[in-house]
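Right after this note come the structures.
Both of the next two complexes hold subunit A, though its partner changes from subunit B to subunit C.
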Partner chain A sequence: MTRSNGRYDAIIIGGGHNGLVTAAYLARAGKRVVVLERRHLVGGAAVTEEIIPGFKFSVFSYVVSLLRPEIIRDLSLPSHGLEILPLESTVTPMFDGDYLAAWPDADETRREVARHSLKDAEAYEEYSRLMGLMAMAVKPIISMIPPDPTSLSPRDLRGLLKVGAHFQSLSAKHFHLLYKLMTMSSADFLDEWFETDVLKATKSASGIIGTFMGPRTPGSAYVLLHHYMGEIDGAFRAWGFARGGTGAISESIGRAARSFGAEVRLEAEVSQVRTKDGRATGVVLANGDELEAPVVVSSLDPKRTFLTLVSESDLPADFVGDVRRFKIRGSSGKVNLALSGLPDLTCLPGVGRHLRGAISISPSLEYVERAYDDAKYGAFSTRPYMDIILPSMIDPGMAPPGKHVMSVFVQYAPSTITGGWDNLKRDAFGNAVIDAIAQFAPNIRDIIIEKQVLTPADIERITGLTEGNIFQGELALHQLFFLRPSPGWAQYRTPVRGLWQCGSGTHPGGGIMGAGGRLAALEILGAAS
Partner chain B sequence: MSRGLPGTPFHPRTAPLVEGQTWRRWAGYVVASSYELHHDREYHAIRSSAALFDVSPLFKYHVRGPDAVRLLDRVVTRDVAGAKVGQVLYTPWCDAAGKVLDDGTISVMSPDFLRLTSAEPNYRWLGENARGLKVSIEDASDSVAALALQGPNARTILQDATGTDLSSLRFFRLTNALIRGVPATITRTGYTGDLGYEIWVEAQHALPVWDALMAAGAPHGITPAGILALDVARIEAGLLLLDVDYVPARKALIEQQKSSPLELGLEWTIGFDKPSFVGHEALVAERARPPEWRFVGVEVMWEPLEALYAEVGLAPRLPTTAWRTSVPLFAPDSDRQVGYATSGCWSPLLKRYLTLAHLEAASAESGAELDMEITVEHRRKRARAHVRPTPFFNPERKRA
Partner chain C sequence: MNRYDAIVIGAGANGLATAALLAKKGRRILVLERRDVAGGTNATEEFHPGYRASACRDDAGWVPDALVRRLQLARHGLHWLPVTAGLVSLTADGPPLATYPDIGRTVDGLKASSAADAGRWAAFTGFVDRAAGFLQAAYSVRAPRVQSRALGDLMALAGLGQRLRRLGKRDMMEVLRVVPMPVADLGEEWFSLDSLRALLAVAGTRDVMHGPMSGGTALVFLHQQVGQPAGSIGVRRVPRGGTGALASAFAGAAREVGVEIRLGADVSEVMVAGARVAGVRLTTGEELGASHVISSADPKRSFAWIDPVWLDPELLRAVDNIRMRGSTARVHYALEALPRFQSGGLEVPRDALGGTMVLAPSIASVERAYDAAKFGEVPQSPALSLAIPTLIDPSLAPDRRHVLSVTVHHVPFARRGGWDRSAAELLGDQVTSMVAAVAPDLRERTLHRWVLTPADLESRYACTEGNLSHGELALDQFLFMRPTPVSSRYATPVAGFWLCGTGSHPVSSSGAAAMLVTRELANARE
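Let's look at the complex of A and B:
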C-alpha cells in the first residue's frame, strides 16, 4: 500500500471504542486518518472473543448504558450492526433464601420492595425520580469540553459562566443534593433514604464499580450518579446489552470509521510518539515502521501515553508528576464462564425472566464493605461483590443452542495485591468467585464447561489498561471534569503540541460512553479550522 | 351462545401469556397488544432474535378456477398475469376513480389457485368483479390461521421446525412444508422489514404449529409479540397501515380523504402496461399530471426536540409506543401547513424519532426541512424535522 508510507492528517493510537469514535468523526470531516491497534481485533476493553469455540465472551466490559445517543445517530451505528437490547431487571439473592428484585415495571418493583419495607417502596420511586433529575442536571456538563477555571481566555470564561449559570438554575434542594452526592459515601447517602439493608447494598454497589472505594468511603456517592447518567431512549438509568457482546459496539464504530475512509491497522503496536521542537510529528511502530501526521491522538490511559510513549524530556516536570500521581488503581477482575445449562438460584429456582437481567451478589452492606476491607489490606475479596449477567439469555447467539455464557464482574481484586498476581493467586481468586456464586446457585459447579479468570494484571497485559483500571483512572472527585486527567490539560490537549488525548482518562470518563472520543475529535477539528 | 368477539385459533396458547390483559380489536377478533406489561422486549426480538405474531385476523380469500389469475389481475394494480407460481405479490387495489380501497398480498399457489389477504372484507368486491369469469371465491378468513415469524433467527427456527432447507426461498416467494405433520404454506413475507416468514395453516391444526415453532425457537430466543411491537417495526420499515395512514376509499366521507396509490408512494405497484384493471384509466391520467401529494418518511431532529423540553426543564418525552394520530407539518419557520404525519414512534434501534407523513409534493424532497407540531407541557411547539427516504431501517438479511 502506498498509503502506509504516506502522510496522514491524524494518527489514532489504540483501537478501543474512544479511539474509533475519534477516528470516525475525523474521517467524517474529510481527514485522512489511521487507527493503530496493538491487538488482532479492535475494541480495547470492549471486545467479544470466542475463547471457547461456540461461546462468545464479552471478555472485559459487558454492559452499556452510557454510549452517547448522538454518537449512534451521527455515525449511523445501527446500519453498521449496532443493536442495544434492554437489560431489564436486577435480582439480589439474600443469605436467608429470600431475594430483592427490581423489575422493568415500576408497579411490580414497588410491590417487590414493599415485601421488604413499605416505606422503602415509596422512597424507591422518589429516589429514582430525583437521581434521574440530577443526572439530567449534570448532563450538560458531561457533554461540554471542560473549561479551565484558572484561565482567563474568553472561551474558558464562557464555559465557566455556562457551568455557573447551569448550577444557578438548580433549585436549592437539588443543589444541596448534588453537593451531598459529591461529598458523601454511598452508604451514608443511601442511609438517608432507605432502611432495607439489601436494597442499600445493591444500590451502593453501583457507587463502587471500578473504583478503589468501599460503600462507606466518602465520595463514592458520586459514582452512583455517574451510573445514573446512562441514558437509553430518554430514560436515565437504563442498562443495555449489545447484541453480539460489547465487541459488536466496537466493530460497528470501526465499520463506521472505515465507511468514512479511515484506515484501521491491526497488530500495529505503537512504541513511541515522535516529536520535533515540542511538536508531535508522528509515531514509531514496534516493528520499526514510522508514520507521520501533524495530529497524533492517544486513546490510551494517561500513564501509558505520557510515561511510555512520550519522552519525558518533551514534557514539563510538574505535568509528569501529575501523571505519576494520577490514581488508576485496578480494583476489579472478571470471570467468564461457558455453561452447559442455567444456574439455579436457591431464592428463585428454575428458569425465569430473572435470568435475563443482572444478578447482584450484594446481600448486605456489610458484605460489600468487608469485600473492600480485604482489598484495602492487599488481598482479593474472599467473598466478593459480583455483578453477573447471562448474555446468552438476552442474545441466544452468544452460545450454542441450549448452552449459556455467564459474565461475572468481580470486585475487589486489587492490582496492588500483596506480592503481585501470579497463577496460584489467579486460581485461588477464580475459586473464591465460584464458591461465592455457589452460595446462591449451588448447581454452578456442575454446569461449568470452561472458565476464563482475569485478574487486573491479566486485564493490563491483554488490553494495556494501566493496573487493569476499567475507567482509565478512578472516577474520584479530584480526577473529574477540569482535573481529568491533569489540571490545565483537560481539554484533550497535552503539553506536546499536536498530541491529543481521547480515552476514558479524559473528561467525562469511563464506561462505553464514547463522549471523550467525540469531544476530542470536535476539539481537534475546531483547532484545525 | 356467543358473546363479544372471538379469539383467533391460537387463543388457547396466546391468552395465558397476556400479562396485563391488554387485548385489542383487529378485523373482528381480539388479539394481544403486548404479552408482557411493556412491549420493549417484544420489539427487540424482531430485530435481534425472532418474534412470533398471531396474524390470523387478516382477511383471506381463496380464488380458484381457470380464471383465478384473470380475476385478481382485473382487481389489483400489480401485474398478476405476469407472476409465476410460487411468487407472492404485495399490491393495493382501487375503485374506478383510482383511489385505494385496500392493500394486501397475493400468493400464487398454483396456476388456478391464488390466495389474497386484505385488511378489509373484500368478498363482495371480488364477486362483483368476477362476473363472467370461471372462478370460485372462498372466504378463508376463519378457516386459515396465520403466524408471522420475524427476525434474524426466523430462518433457523423455521428450518428446525419444518426439517426443510429454506435458504433458497427468496424474498416474496412461497413454499409448502409440514410442521409436526400439519401441511403449511410458508411465505417469505412480513410487516417488519426484517428477515421473516408467514406461516399459513388450517385453523383446526393451529395449536400444534404454534407449539412446534415455540419449541424449535426456544434456543433461538423466540418471543411471542403483539401489535404494539409490530407497529414500531413497521414504521421503521416505512410500511403504511390502512385506517391509520390512509382512509380506504370505501370509508371516505369526503373526496379529500381518499388517496391514490401514487399519493401513497406505491407507484411501483401499478402495472400501467396491463391491458386493464379497476382504476387503470384514472391512474394513467393521474400519472400525466404533476403529483400533488407524496407519502414519505419524516425524522424529527433530536437536538431541537431536546431543546424544546429543556426550556421547561424536562428530558424529552419520547413516543416509545407508536402514535396513530394526525399531526400538522409546516414549512420551516412558517405558518404554512404543508402536510401531516399519520404515524410516529421513537426507534429504539436507530435512536431517532420517525414518522410517516403526507406532504405536498413541493415540500417532499428528501432532506427538505419541515417543522412538526409537538405538545410540550401543554403548549404547542414546533420541532425541526427532515424528509427522509424509507425504509428508515433496511437490513441486508431481509432479502439475503
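Let's look at the complex of A and C:
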C-alpha cells in the first residue's frame, strides 16, 4: 500500500504516546491516518536510546503506572511487545544512616513503618485503603470528557449531571476526603495521618513529581493521588518498568497503530497547520512538503501548537491570551548514568532487593521543601529531591553484562533558571546531583562510566516540550478538568475547526497515561459520525 | 427552668450580633465574655494614656446591609468614616504607588510608572468586583451541601450555580479558574509592576501561613474584597472609634432588646446531659443553665469545652486537624506628631497616607518572608501593612497626636525557641527600623510602642495560635468544609451546641454569620 502526499482522513502531529494512541484508535475505526514525528524515533518523552554504546537509557520518562488498561486491551499492546515488569519497592535513605522502605508485601511494609512509629503503622493501613478508594473515585473522571459548566447543551448538562451523580454516589466522608485531596498541600494532608517525618517526606515527594510545587503548596496533594492511581492491568498502586525501557511502550503503541493501517513518518517536522476559512486543511512540513486532511490532531503542548504552528489570526484573541498564560513551568531534570557496578547505600550496604525498586532521595520534609525554595527564585536545588531506579536490575538487557544503568529523576531544575541554562550550569547541576547521591551512596563517583545530564532546556530542545515540562502544563487545580488547557476548550476541540488536540496538555494530564489520546480519538470519531 | 434560652460565649462582633438577633425574636439571651471588655478581636484598646488602637486589625470588614438595617446599627453608634486611599506601596527606591476608591485617580497615578498597568486597572477592578460579588452571594446563604439530595439543598446549589452563570461564560470560567490560583499568578497575569503585584500578594497572604506562590491565595485576596464598593481594592472599612465601635454597636443593639452581657466570665465547660446541652460552667464554678449554647470562640476552643465522651472521635480528629497557624503580629505606635513618610525620596501625599501603606517590594520578597516563617523563623524583611487611623479618626489620640498601627505578615506563632518579651521587643525593633526606612523621623516621634506577637494574640484574645480568622482561609477550610463538614451549618453533633464565630462560614469577624446562625436555630426549633 503506497500513500504519497495524497489525502488522509487525519494527520497526527507528534509521535509521542498520546499521538500514537490517537492514531491507533482512528486507524482502528478505518480512518486513513498519518503520524508525523520530528525525530528519528517515535515516543516523544517516552523513548529508549542507546546514548552510550551498550547502555540503554529510558532517556526522559522512566516508569509507568498510569497507562490506561482499556488502551492496553483495545490496542492489544502485549501482542505488540508490551511487557511491564513490576517495580516493587521504594527505599528512602535517611541522614542518620537509617532508611524507610516500602516492600511489595503489605505486612512487611507495615512492620517497617512500625519500626519508625507504631501509631503510623496503624494509620498506614487505613490510609492505604482510603487512598485506594480515592483512586477508584477519581478513575471515572479521568476517563470522561470534561463537561463545560457554562454550557447549557444537553450533552454538557448530561456530563455535569454525571459528575454530580458520581460525587453523590460517594459517602460524605469519602467525598470530603476527595475534596481535601484536591485542595490541600501534600504535607498538610499527610500531617493529618502520620508523625514520621521521613514517611511524610517520601510520600509527599511523589506528590510533587513534575510540578512546580513544594510539599507545602496547596494543590500538591492531588498529584499524590495522581501517582497513587498507578494501575497495571488492573492492579492498583503498582509502578512498573517496561521491558526494553520506556521506549518499548511507545513502540508497542506504534506497532498497534501500524497494524490498523496507520502510517508513521519519522523525521517529518511540521512547521505549520494550514487553514482555510477558519478550518484546518492540512499541514506544511519543515522540508516544504504539504499534506492534506480534514482532521489535524496535535499532540504537542498547547503553547507549541497554538503559538508556533497556528497563525494567530486564525485564533480568537481571548484564546491566545489563555494559551499564553497557561502555566507550563518545567521543574525537573534527568541524569542518566552508565555504571561499572552497583551503588552501595550506606543505609543498606551491598546488593539487595532494594536495588530492584526505587530509591527516593527525600530524607525529610524540610529537605524537599528547601529544594523547592531554591527553584522558586530561579536556581536549581543544591540538594535536590531525586527518584532513582536501576533499570538493568529489572531488565538485564538494558546494560552489558555486569554493568548497570541508573535513571535519576531530579527536582527541582527550573526551566526559568536565572540567566538561562548553559553548559556551565548543566555541569554544575550534574555535579550537584552526583554530590547529593554520594551522601547516601558514597561509591557512586567510583562506578560512573559516563553520564548524560538533561536540564529542562535540553528536554525542550530534544523533545519539543515547552520549558521541558513533562506534563505539558502544570497539574494545578486551576489547570485541570474543564480548565485544561483552556477554559471552554477542554473537549479536545480548538477554535480552528478540524484542528484537535490530544496531548498531556489536555484532560486528564500527564504521565504515560494515553487517556488524552484515547478521549480525543473518541471525540473525533463521535464528531465525524 | 433555665433563666436563659441561650447562652452566647464571647462578646466579639459575631457573638453580640447573634445574641441581638436572637433576643429580637424574644429569646432570653446571656452573653459571657472572658475579658473585662467586650469586642473580642475587634476591640479598640487604649495602649498608652489617651491613645487607642484597633488592636488586631485595621479593616472592620464586610457587614451585610441586611444586618445593619435589622439591628439599626447606625442608631447604636456605627458611623463609617470615609477612607481616602486603598493600598499604597512604599519602597526605598520607587515613587509611592497608590490605589484610590476612584478608578480614574488610580489610573492617572499608575500611568507615571506603567502605562500598560494603568490601562488594565479598570478591567481588573471590574473582574474583582464581579468575582467578589459572587462570593458575597455565597456568603449570604448557609454553606452549600454539594452531596445532599435534599430538595432545599439542591435548590440552593442551583441558585448559586445560577448566580455564577449570570456572570456570563467568560467570567464564570474566570472565577472558577482564579479562586484556586496563587495570588502571585493572578498579579502576574494582570500587571507588570513589581510593587503593584506585591500589593496583591500581601493582601492574598493575610492571616494565612502561605506565600503568594501558594494555590488558593487568590481566594484570600478576593475574600477581602467582599462588600467593597465597585472599583475599590483594599479600602479599609473604618468605623468612628476603631473596630471596637462595630462591636459596641452590636452590644448596644443587643442590650436594647434585653440581652445580658457579663464581662469577666470565663467558661470552663459546656455542660451536656443526656446528649443535649444543659448550660455552661464558669471557671469560678458557677453553673448557668440554658437549652442552647452558641460559641463564637474558635472551633478548637469550642469543642474543648465539651466532655469528649459526647463527641465522635472522627469529629475530634477533624477539629484537631483544622489549620490555625498564627502568622500575624501587630505593632502599635503612640506618636507625638505625624512622621514624614516618603517613597523613593518623594513625600507620600496626604490622602495616600490615609490608605494602607504596604512595605513589600515584590512578590519574591513576600514569598521569602513566608519561606522563613514556614520553618519557624521570623523573616528578616517581613511584609508590613501600615495604617494611621488618626488621620481618619482624630478621636483615637490626643489633639494632633497620632497612632500608627503596623500589621507584620508571616510572623510564625510556632517560632523556633518560642515567644517571650525579649523576642517580642526584638520583633518590635525590627519593625521600627523597617518603618524608619520610609519614615526617618519615626523614632523621635514615638512616645510608646506596643507589640502583639501571635502568642500575645492567642493569650489576650483567646484565638488558638493567634490565628485571627479562627482557622486559615484555604480551599479545604472553606464553605461546607468549615470548620468541619459536620458542623459547617453551625449546628454540632451535640444537640443545642452551636458555633457562630469566624471559624464558621463565611469567615467573617464582623457578624456576617449571625443571620445565618439564627436562621438555622429557628429552623431547628420548628
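Definition applied: the second predicted complex is superposed on the first by the 526 of 529 C-alpha atoms of A that agree within 3 Å, B and C clash if a C-alpha of one lies under 4 Å from a C-alpha of the other, contacts with A are read in each partner's own complex, and residues count from 1 in each chain.
By our rule, a residue touches a chain if its C-beta (ideal position, glycine included) is under 8 Å from a C-beta of that chain, and two chains touch if they have at least 3 such contacts.
Being a predicted model, the structure only gives us computed values, none of them experimental.
**Q** So which one touches more of the residues on subunit A, subunit B or subunit C?
**A** On the superposition, C touches more of the residues of subunit A.
**Q** A:Arg243 in the overlay: touching subunit B, subunit C, both, or neither? Say first, second, both or neither.
**A** Only subunit B; A:Arg243 stays clear of subunit C.
**Q** If we overlay the two complexes on their shared chain A, which of subunit B and subunit C does A:Val91 touch? Say first, second, both or neither.
**A** Neither partner.
**Q** Using the touch definition from the top, say if A:Leu465 reaches subunit B (first), subunit C (second), both or neither.
**A** Once the two structures are laid over each other on A, A:Leu465 reaches no partner at all.
**Q** Is A:Glu108 touching anything from subunit B or subunit C once the two structures are fitted on A? First, second, both or neither.
**A** first
**Q** Could you please specify the touching residues of subunit C with respect to subunit A in the complex?
**A** Contact set of subunit C toward subunit A: 146-147, 149, 165, 169-170, 172-174, 176-181, 185, 189, 210, 213-216, 314, 317, 321, 323, 364, 367-368, 371, 374-375, 474-476, 481, 485.
**Q** Report the residues of subunit A in contact with subunit C in the complex, numbered from low to high.
**A** 149-150, 167-168, 170, 172-173, 175-176, 179-180, 183-185, 188, 191-192, 213, 216-219, 318, 325, 327, 366, 369, 373, 376-377, 476-478, 483, 487-488
**Q** Which residues of subunit B touch subunit A in their complex?
**A** Listed in rising order, the residues of subunit B that touch subunit A are 37-38, 40-41, 44, 47-49, 153, 219-221, 302, 315-318, 320, 346, 348-352, 393.
**Q** How about subunit A: which of its residues touch subunit B in the complex?
**A** Where subunit A meets subunit B, its residues are 69-70, 72-73, 78-79, 83, 85-86, 88, 104-105, 108, 132, 136, 232-234, 236, 243, 395-397, 401-402.
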